[in-house]
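The following pair of complexes shares a single chain, chain A, combined with chain B in the former and chain C in the latter.
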Partner chain A sequence: MKRFSDVTAADGLDLTVNDREYLCLLGPTGAGKTTALRVIAGLTVPDEGKVLFDGREVTHLEPEKRNAVLLSQTYSLFPTMTVAENIMFGPDIRKVPEKDKEQMLFSLLDLVRLTSRADSYPRELSGGMQQRCALARAIATSPDVLLLDEPLRALDARLRIDLRRDLKSLARTLGLTVVHVTHDQDEALVMADRIAIIRAGRIVQVGTPAEVFDEPVSPFVANFVGQSNFFTGTVVHSGPEGSVVEDEAGNRVKARPTDVAVGEKAVLAVKVGHTHLLKLDAAALKGKIERMLFEGRVVHVDVDVAGAGRFSAKIPSSYRGRYQVGDDVGIGWNRNKAKVFPYPEGGLENELKVD
Partner chain B sequence: MPVVELKGVSKRFGKVVASSDIDLRIEDGEYVTILGPSGCGKTTLIRMIAGILEPSEGQVLIGGRDMSGIPIEERDIGYVFQNIALFPHLNMLENVSYGPIVKDMSEEDRQTIPVRYLELVNLLDRMKVFPSALSGGEQQKVALARALASGARLLLLDEPLSALDARVRMDLRYELRRITKDLGLTVLHVTHDQEEAMTVSDRIVLMRNGRIVESNTPEMMYRAPKELFTANFIGETNLLAGVVVENRDDRTLVEVRDGTVVEAQPSKFEPGDAVVISVRPERVHALEEGLNAVVRTMSFMGTYIRITAEADSEDILGFDVPVPRGRDFNIGDNVHLGWSMASALLYPRPPGGIAEAVKLE
Partner chain C sequence: MGSSDKLLEFISGRGFRKGWTAFNIIFFLSFIILPTVFILSSAVTDWSDIQEHVLSDPATMDLIISAVVVSFEIAAIVTVIDFVAGLPVAWMMARKEFRGKQFLDTLIDMPLAVPTAALGFSAAIFWAATPNPPPFSLSAISSPMLLIVLLHVVFSYPYMVRSLTAILGGIDETYETAGRTLGASRLTAVRTITLPLFRAGLVTGAILCFARSLSETGGTIIALATLYGRKMVEGDFQTGPTLIGLWKDASVADPTLVPALTFVSILLIILALVLLVVLKVAIMKVRVPLRKVWPSPEKLLSRGLFPKIKDTSAILFLLIVVIVPSFFIFTYVLTGTPSDADWNPFIDALVTSFVVASVVTAIDLATGIPMALYIAKNRTSKLSQLLDVFVNIPLIVPTAALGFSLGRFWNTVDPAAMPPIVLIILSHVAFTYPLVVRNVVGAVEGIDPAYEETARTLGAKPLQSFRRVLLPMIKGSILAGAIMAFTRSLGETGATLAVVANANTAPVFIVNLVNDQSYYLAAMACIILIIISYVFMLLLRRFTREEVV
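Take a look at the complex of A and B:
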């Protein structure tokens, strides 16, 4: 646990990162992601609790003795040193024999594709190159654990998509254990072996990308990792084949089996990507198309359902001619894709807040 | 009304050419995004329209009027920056009231307009709060309300969402479009984010190295990009080098590097022409026959799985399968990849190589 005067940045954080695992710590700004990373690196001492590496307690060990290296958002390259000098700066490397050093530099430059820029200064490099240079410098110290704080945030959106793959395959090639902090759920889905979702200083769920996407533990997770539609009502049926939720307007929708008891107020969550437009007579929910936004591979469709609010769906771009704004459509989903949660105590809006 | 026109606009900083001979017309009520990688000149362009920078050559016209020498405060524009710039010592209502007061509006307008715009961005209940008590997304909404309250009909947005979290960004871009369309404003929005550009705009202007590469609706930029750079920048795509072997009326046959012949859209290319095939990952399928490839990676994307495979032609191809079908594939599997003829676009092979032509930085 870590408190900054009144603010609790990390509150009873329990997390195990496995050897050679790529773990993404995902959460909104202010959730305590960076604090958690700094505690692991030894740059911040926790008020309570322990940090262990391979079962060995390192809570009060100095950062340089931990063999964990933190790559900050801003890369912090030395502006007066060349790429090669930056990479070979690490204190551990200075003890390495000259011949081995040269060999090491060659392979690192090759790895991050900066061989032709070895003699350039950081200011002469693009953002992506600076990021790769900082990464090479971090790897040069042969850390057991690589800690990445929003490593792609400063880069252009399109470039980020390409670098996700590069970074992940680099980590895998080198067999590194990585903790990667991000606010970007797409980035986490693509890169992580496991995702830990953090909110208000607490880890709310840890799992593989498929687990946190398909089996969210709360409405917050359901909405934060991939968008979800929500239907608020009362559980009116619950059985082994599934459950049924009914709202005040009398709309009835189906979901998976649930532990929420019949008669309890509940909220059903279903991913926007699992929500389908249906023929009117085949659907439990009916509404009018409010808007359609072209997103490339899919078209985002917002449907206003009287009394139940807005439901969004994604349809393949090739279907876009079948619908237009103003059309009456049905909305539905495979019941196994819909999960029922107890209605959140602080209200749904508060539960879903990401900002 | 605020039609914006740029005629032969160039801007040089010493030897560096930031904008080069730009011709652009933005219609009244149109929502246009200027999209491009860092350093492409998009920020310079919006600053010349705002009057923060003067062009080295050419003319900027707003509503038909030449803007040379006219300072920013006399151009009647609303401007929202990437770095949220609210007055820290003023509460939300006072921040939004700034425009109406500076513009010397009537007492009644000074009272009603700020309230109306705070309501529009759904922050009326936070009007007495100071900026430090708001989240990044909320602050940026107030910055928008403040820009709108000045009564400007032309809104310039300079990377307005870039400083925000991905999830907040997603919600805010829908809001941006809704609000500006409701008000019938002309909007020029600068961004490096192709997804953002695609969802908010009527039209995208793609820039690179100070020049306009291509301009069209989001749908046309994605479905039928005229330039190879556009095909790769807007959405992801697979690019394969090949040589045209036969041009039929209804399709073009192209031989890729391992000798396999694949189909592409009808074209004007002649047999022997060096070309690049562009085909989107969602259009590539594992079939009974086709390009022979080995599965290298599989990534869970939520509603689908993105598989990358290395083809005998040495091209790396991405393709998507629905999640339940992901079980049918394993890393190391042999697959045969193909696509419908209409999904494959053709471009002339760039003399400097494909990688150079689509380079992002």
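Take a look at the complex of A and C:
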């Protein structure tokens, strides 16, 4: 646990990272992701709690003795050194013999495709090259764990998507253990072996990308990893085949089986991508199209349902002629895609807040 | 593991690092701050002496009061003149591109290359109405007050222009552009939008000018001695620091002057510290009712001839009031009559000055850099904030008062232990130390801590990450601080005279030559000092330019 005066930045952060695992620490800005990373690296000493590497306590060990390399958001390539000098910084410090160093530099430059830029200075490199150079520098020390703090944030949108693949395959080839901090859920879903969702300094869920997407443990996770629609009401039926939730306006919708008891206040979550526009007579929920946003491949449709709030859905672009703003439409979903949670104590809005 | 590795391991340990930081803080407090303000304690311990010899002696009181008042008057007038004359030039430097900008840039810094003792002599023979004026001199001024104001403008002007240029360069021009697209004339936009934004730069510039003027001793003594054509005596025009110099010299024979010296030093230190606070508050807090706009007259003043007149007169001021008096001494030597002389004493003095300046710079670097690192890296700690304020104290305190206080302090500690040269070195360390610390703090704060953190996670020990990562990035600023400290020490008169009455450094030597009316020798000595300082100045410019951003 790390406290900054009165603010607790990371509290109850229990997390185990497996060997050779690519773990994404996913959470909104200010959730304590970077603090967690700094505690692992030894740059911040926690007020309480322990950091263990292979069962050995390292909580108060100096950063240089941990072999946990941090790659900061801005890469921190040393501006006074060339690409080659940057990459060889770690081996230099460790006094690796000259001959081995040369060999190592050669293969690392090749690995990150910077052989022709070995004598350039960091400021002469493009954003993508800088990122690869920083990565090579980190790998050169053969770290026990590689700590990446939003490593793709400073890049253009397009490059970012290309580099996701590069980074992941590099980590896999070299058998690295990686903790990758990000606030971008797409990035986490694509890259991670496991995702740890962090919120207000606490880990709320750890699981494979499919698990956190399909089986969120709270409305917050449901919404943060792939946006969700929410329906607030009371559980009126619960059985092995599924449950039914009814709101004050009398709308009834179906969901998966739930542990929430009949009569309890509950909130049903269903991913926007699993929400469909239906014909009026076939639907349990009816509303009016409020807004349509053309997003290229799909069209984002917001539907206002009287008494139940706004529901969003994505329809293929080719269907966009079929609907217009102001049309009455039905809303529905496969009951197996909808999950029921107990109504959050602080209210739904509070639960979904990302800061 | 070799012995060098073991040493590195030991130095990198948490225990050693804490101890090292503590050592540097203790050095700073006990060797710099405490001696600087030690004299204040005399107000309590020696009160009866002060009562007897000073407060109950109206003649002495008159001398002290008038000297201190004159000092503050001069400093205030000089600061205002610097601001008015410096603002247009700072504006040109920060905002305009023109041919010869590089040249103007060099020109502004020129007076900094001239030690104030040399500057005082050079300016005095240019302005002052002396019995035998050298050719081409104006030889027009017979008022000592006016002469000293003109002299102080010369060496404080670069500080004001530099501070204002730095802050103007940092203010986003788009605010002003926005104001102008909304219909304001250039003058209105600048006056109501940009000027209020640069109060911080104004505070820095004003404090630097004020402190510099308040502190100046050597140049002032020389200028006055040149004007009078003889060594100064008690009844002459005096500023606070010249009075300290005069009495310190006399106190060797007449110890009853010590309480008076103590009193004037206390007065100068307290007033300087109070002023530091007042100036800061006044400029930052006082709201000048400048919201009102006068569209048509301001529009008129924004166009045509007026801006040209403003720029031209600012440049003319720079040339005639600042540059020509600084270097007038060269014409004097070319046209003066050479006289045979024994140069050995001057060479001795020069060697002493160099030894002092080198040792002082080495001490400044060894203890100032760790202090700067501590201040810059622990911004949130109360101790660091306190030290940050304390570091400025020796910059503000007039060096003559500082020197006297420091001399008294070490005398109290152990009268026998401190040979004069050590006292001189300690007093110079006190007022040059802030120059190194300020430069390094500024540089370190501009550098992302992530560089060093990354180096640590890559396996570098703290010392290695400092030497290999941070040091190459702040090298320029360290050198800049070192060269500033070196030249300030080389040119200092006030502190030297106040700590040891019969010191033998180059500036003091020049003061003595002028007192003896050996003007030709004095001029030659000044020129040698100027050339040496100028070489250092060139080095400074080169190193600060090369810094990697």
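One rule holds for everything that comes next: the second predicted complex is superposed on the first by the 350 of 355 C-alpha atoms of A that agree within 3 Å, B and C clash if a C-alpha of one lies under 4 Å from a C-alpha of the other, contacts with A are read in each partner's own complex, and residues count from 1 in each chain.
The rule is short, and it goes like this: a residue touches a chain if its C-beta (ideal position, glycine included) is under 8 Å from a C-beta of that chain, and two chains touch if they have at least 3 such contacts.
Just so we're clear, the structure is a prediction, and the values are computed from it rather than from any experiment.
Chemist: Identify the partner contact of A:His180: answer first if only chain B is touched, second if only chain C is, both if each is, neither if none is.
Modeler: In the superposition, A:His180 touches no partner, neither chain B nor chain C.
Chemist: Counting residues of chain A in contact, which comes out ahead: chain B or chain C?
Modeler: Between chain B and chain C, the winner on chain A residue contacts is B.
Chemist: Classify the contacts of A:Arg199 with the two partner chains as first (chain B alone), second (chain C alone), both, or neither.
Modeler: neither
Chemist: Give one of first, second, both or neither to describe whether A:Arg117 is in contact with chain B, with chain C, with both, or with none.
Modeler: After superposition on chain A, A:Arg117 lies in contact with neither partner.
Chemist: Which of the two partners, first being chain B and second being chain C, lies in contact with A:Lys339: first, second, both, or neither?
Modeler: A:Lys339: touches no partner chain.
Chemist: Which of the two partners, first being chain B and second being chain C, lies in contact with A:Arg137: first, second, both, or neither?
Modeler: second
Chemist: Show which residues of chain C lie in contact with chain A when the two form their complex.
Modeler: Residues in contact with chain A: 12, 14, 448, 450-451, 453-461, 464, 468-469, 472-473, 548-549.
Chemist: Of all residues in chain B, which touch chain A in the complex?
Modeler: 37-39, 135-138, 164-168, 170-171, 174, 177, 192-196, 198-199, 218-219, 222-223, 233-236, 280-282, 297, 299-303, 306, 308, 320, 323, 360-361
Chemist: Can you list the chain A residues touching chain C in their complex?
Modeler: Listed in rising order, the residues of chain A that touch chain C are 41-43, 62-64, 66-74, 76, 78-80, 89-90, 93-94, 137-138, 141, 147.
Chemist: Give every residue of chain A touching chain B within the complex, in rising order.
Modeler: 28-29, 126-129, 156-159, 161-162, 165, 169, 183-187, 189-190, 208-210, 213, 224-227, 271, 273-274, 293-297, 300, 314, 316-317, 354-355
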